[in-house]
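Each structure below is given as structure tokens.
Two complexes are shown next, each including chain A; its partner changes from chain B in the first to chain C in the second.
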Partner chain A sequence: MGDLLYLSVQYIRHHKLKLAVLVFAITLVGWLPIAVQIIVDQTASQLLARADSTPIVIGARGSPLELSLGSLYFSTRTPETLNYAELEKVAATGLATGIPLYYRFHSQQHPIVGTTPDYLDYRKLRISTGRPFALLGEAVIGSKVADELQLSVGDAVISSPESVFDIAGVYPLKMPVVGILEPAFSPDDNAIFVDIKTSWVIQGLGHGHQDLANKIALGQILKKDGNNLVANASVKQYNEITADNIDSFHFHGENSLRPISAIIPLTADDKATALLIGRYQQERDDVQIVRSQKVISELLDTVFTVRDYIVAGIAVVAVATAIVALLVFFLSLRLRRGERFTLARIGASREQIILLMATEVVTVILVSGALSAMLILLTHQYGMQLLQQLLLS
Partner chain B sequence: MLQIHDLRFAYPDQGFALSVPELTLEAGETMALLGPSGSGKTTLLNLLAGILTPITGSIQLNGDKLSALNERQRRRHRLLNMGMIFQSFELLDYLDVRDNILLQGRLCDSRRSDANLEQQARQIAEDLGLGDKWRRNSMALSQGERQRVAVCRALLLNPGLVLADEPTGNLDPDNKITVLRKLIANCKRHRRILLTVTHDHSLLAEFDRVIDIASLVHKQSPRDG
Partner chain C sequence: MMMLRKLRLLFLLIAVISVTSCDEKGTDVKTVDTAPASIITVNYPLYYFTQQLAGDLATVILPVPAGTDPAQWNPQLEDVLRMQQAELIILNGAGYSTWLDKVSLSPHKLVNSSLDAKDQWISLDGQTTHSHGPGAEHSHSGYAFTTWMDMTLARQQASAIARALIKRWPAQQQAIVLRETRLLETLTELDIGYQQLAVDLAGKNLIYSHPVYQYFERRYQLAGESLHWEPGEMPSEKQWRYLQNRVAGKSDSLFIWEDEPSAAIAERMAAMGLASVVIRPAANTSSKDWLGEQQANLKRLRELTF
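Right, the complex of A and B next:
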């Protein structure tokens, strides 16, 4: 047996290129359909898990899918907004309290989520180092943000301008990192959390500047009308909220009119959820309430259909590859007819000849099977992460 | 000693039959078998090797009666007691000189563990002038060298009978005489019987006996019985 194996190894070594191509092709068609299934299933379960933990979302009229994806994954760049007053309306129903979300801004590729500390409790996000945000301008960052931007408590994140060509746009705001979250293996890992008012400061709805009542600033005042002062452009605007200037930060107008992207209503039970949905659907035309699970399930139906098409396509390729592989084996056996004849004539037994001939097929199938299994295992472990990294980069 | 007695063979559904009443070859004797194409030379060689089974008659090699063996036993008998040399060498292209020579040994359970086998193979290769080609792929050799590898393979397990089917048919004049002389010398030294089919009359002087198959056999239609 050992000598036959030795002869088989010699054959494989001599025809390594042909066999490597076969192994590669068979491995690929063995691995790909299962890998697609695994990744789609993992994506689906991740999407559904997030939707399960956030059954309903309230937002401005528009696409339910965009609202769901935005409030669950902070993925919408320019979300439709509703007024902060909606939060009080939710509370006024007596059926729920609400957590506001404002996810319009980013720092590099990471969404800045304006919310309240309740959000961290709601998502069971734990602080690994530092503390939750408490003051205006403070930020708590997800674990991936900390890893990717190499940030630790005491460092700062800067909001990215929405458009580099908008010279009248808002200044970037520098925000000190006061806490880093433990990995939650969710989109929260990739987000920067700030107080809702901080996100309004990023938008320019709140600001801090040089005290115009100060004597030094007298030359910068253009007009004085009662309590209102009109100053020229040389007044220094702060783009970082510090202990020294925090008192100068203020908002003009009513908080209730300021924008938010969505509200996560927290209901006591399913009955309250059903009642809240019913009430919003019956009484409110200006906002929408969506069931995240339903919206995500509809999205997944589309994804599953696409997956099925892909898997069907790969299955056809697999059949073609199997036919080609069979043809290669058949041709190889034909080419080795002389070898079989020689072996028989010098006295090799039928079993020895069959074993020698079968080694090629068995080796290709075993190696391809092992490689496919290994790749499937790796896909199961790291496929999702790799795909996310690829998509992000 | 090789003894053939009243050997008869016919291919089914073909108008060809072979009959050898009597033939005896002593140990160390070399014989050339002549005859035109289709006269039954290779058929006789295959009968002696046990590849074909005669209808009647007996073949005995050193006391072993081939006709009493089943196919499995005949293969084993061939592996252990016979060396086969072919016109087109029949080397395995994926093996080097060493592994081609050792092939018959690797297929043989009783000789595989023989520690001296590789040493013997090396010695035979040296004798046939292949010492410096030991690890070279057989396809990288000249025609003459390839046939010498085939001769080495046939001689490795010290067979009592060497059957060669036109072993020099693909060789140039210089090589064919060299290869044949080395083969005959080895058979003489080790008292092997060498039966060679050849068309080449220039080589006949090298053999102890030369027999035209026409004088040896009764070639007949199967209907003649």
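Right, the complex of A and C next:
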């Protein structure tokens, strides 16, 4: 037996390149279809978990998919908007209360989500350091934002201009970080949360400036017509809300006419959810109510279709690889005819010769199987992160 | 095309999920807060109404420090954090709490007690409008906010609070309705009392120390001129001269103070032969409860002699 083992090892050492190629090919064929399955399952499970926790969403008419993805993942850059008044309309149904979301703005690549303190409770987001946002202009950041931007409580985030060419647009708003969330392992980790009114200030719908009735600002008054003061554009507007200037911040017009991206309705039970959906679908043409689970499931159908195509392709490759491997083994056996003859002449039994010849096949299959299993485990643990790096690089 | 679009969205989505995902913490359980329920109110009348209506359902809080006008008060950070923990925040409406735009509160907790009577809010004229840069002209106009000095509006505010309490504690509906009935009866008695006394004051030359009686004037048909006199601050000679001219030759003049004037002011007014009376809106806490303050107003009006 020791002789056989010695001869087998020597054979493998001598043909290591050929065997390595075979092992690599068979490993890939064994790993790929299962890896695709794992990635798809993990994606589906995470998508559905988020959608399950947010079964319905209300937004402006448009793509239900973009509304769902925007309200669940804050992934839409310029969402269609609806009026804040819709929040009161939701409450007026008596079937639900709503949480407003306004996710139009960003700070670097991180979405700034304008909402109410209810959102943090709804998502069960806990503050690890600091406190929730309480005053206009304050921000609470997700754990990934804190890690990536190296921010802590007391630092500040600055809203990014929507366009670098918008030089006459709204000034970026500097917002103090008052709280950092515990990791939630969800898109909330990557977001910056502010009060809905702060997001309106970012948009320029509310602002703070010098008191025009103040003597210091007199030089900036173009004319006074009765009770109306007309100032020039040099009036100092504040780009940071502080304790000293917060009283000067104000909004123009009614809150009800200001924009939001979506509303997450909170219903007491499934019956209320069904009634709310029915009411919106029957009575409202200007807004849409979507079942996130249904929309995400439809998206997943696409994922599963793609997965099936990929798996089918891999299956064809697997068959081809198996045929090539068989051919390699067959040719190898033919090439080793002289070796078998020599072994027989020096006294090796028929069984010993078969065992020695089989060593090549068994070694390739065992090593490939072990490598495939290891890769599958790694995929299960780190597949999503690797995919992310691949997609973002 | 549709498929490609979905795939594009999908890849973006996977990127977003991947940035944040490991395991969705779906079973995370929030610690149950065992703190007693609290209701925040923004002035003394609302504090009184809510206390009467809520009974022992919750602790009713008026966070405004004594001696501060609740209409001028701005909450500090700790006040806002306390409001975030409250079950309900009872607001007066009519632009009373101007700080609302500067704090983060759940809209579902906010109860605008006079919203149903919005059509009865009195708009204030003479507000400065302004424009600057490319923005449109705008004003920071507002409404008179001492709504509770019209007892019919006070009744509506009390009913709005009762509805909010029932919505929050539906199992307590019967008890809340019972308490509401009692409170509404009390407010009706006050209304009748003011109406009866208003008959005697009708047609008199009324001067109010501050423009906080708009709803009172309208409800009880006691129109007068509002000045800006502080009870504890001696008016200037110019102000005294203005008052002198305003009451000259009118023996039926009556000066209505929102609080007890200082002795020096009262003496000088008496020397002018000008009658005065204190009608407290009682926006903030005092030694009496709000009902006691209103009954004291009625008592002073009854005792009034020209």
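Methods note: the second predicted complex is superposed on the first by the 384 of 393 C-alpha atoms of A that agree within 3 Å, B and C clash if a C-alpha of one lies under 4 Å from a C-alpha of the other, contacts with A are read in each partner's own complex, and residues count from 1 in each chain.
FYI, a residue touches a chain if its C-beta (ideal position, glycine included) is under 8 Å from a C-beta of that chain, and two chains touch if they have at least 3 such contacts.
The structure presented is a predicted model; accordingly, all values stated were derived computationally and were not measured.
Participant: Based on the superposed arrangement, let me know which partner A:4 touches: chain B (first), chain C (second), both, or neither?
Facilitator: first
Participant: Go through the superposed model and pick first if A:153 touches only chain B, second if only chain C, both, or neither.
Facilitator: It touches nothing on chain B or chain C.
Participant: Name the contact category of A:13: first (chain B only), second (chain C only), both, or neither.
Facilitator: In the superposed model, A:13 contacts chain B only, not chain C.
Participant: So, does A:250 touch the first partner chain B, the second partner chain C, both, or neither?
Facilitator: A:250 sits against chain C, while chain B stays out of touch.
Participant: A:144 contacts which: chain B (first), chain C (second), both, neither?
Facilitator: second
Participant: For chain A, which side has the bigger count of touched residues, chain B or chain C?
Facilitator: Comparing touch counts on chain A for chain B and chain C gives C.
Participant: Pick one for A:43: touches chain B only (first), chain C only (second), both, or neither.
Facilitator: second
Participant: Give one of first, second, both or neither to describe whether A:346 is in contact with chain B, with chain C, with both, or with none.
Facilitator: A:346 contacts chain B only, not chain C.
Participant: For A:338, select first, second, both or neither according to whether it touches chain B, chain C, the two together, or no partner.
Facilitator: Touch partner of A:338: chain B, not chain C.
Participant: Which bits of chain A are touching chain B when the two form their complex?
Facilitator: 2-4, 6-7, 10-11, 13-15, 338-339, 341-349, 352
Participant: Under the definition above, what is the set of chain B residues touching chain A in their complex?
Facilitator: Where chain B meets chain A, its residues are 49, 51, 72, 75-80, 82, 84, 86, 90, 92-95, 99, 103-104, 106-108, 112, 153.
Participant: Quick one: which bits of chain C touch chain A in the complex? Just the residue numbers, please.
Facilitator: By the definition above, chain C touches chain A via 3, 6-7, 9-26, 28-30, 74, 77, 80-81, 84, 101-108, 126-140.
Participant: Can you list the chain A residues touching chain C in their complex?
Facilitator: 42-43, 45-47, 49-50, 53, 65-66, 69, 73-75, 87, 91, 97, 116-118, 121, 124, 126, 131-136, 138, 142, 144, 168, 184-190, 195, 197, 206, 209, 212-213, 220, 227-233, 235, 246-247, 249-253, 299, 302-303, 306, 384-385, 387-388, 391-392
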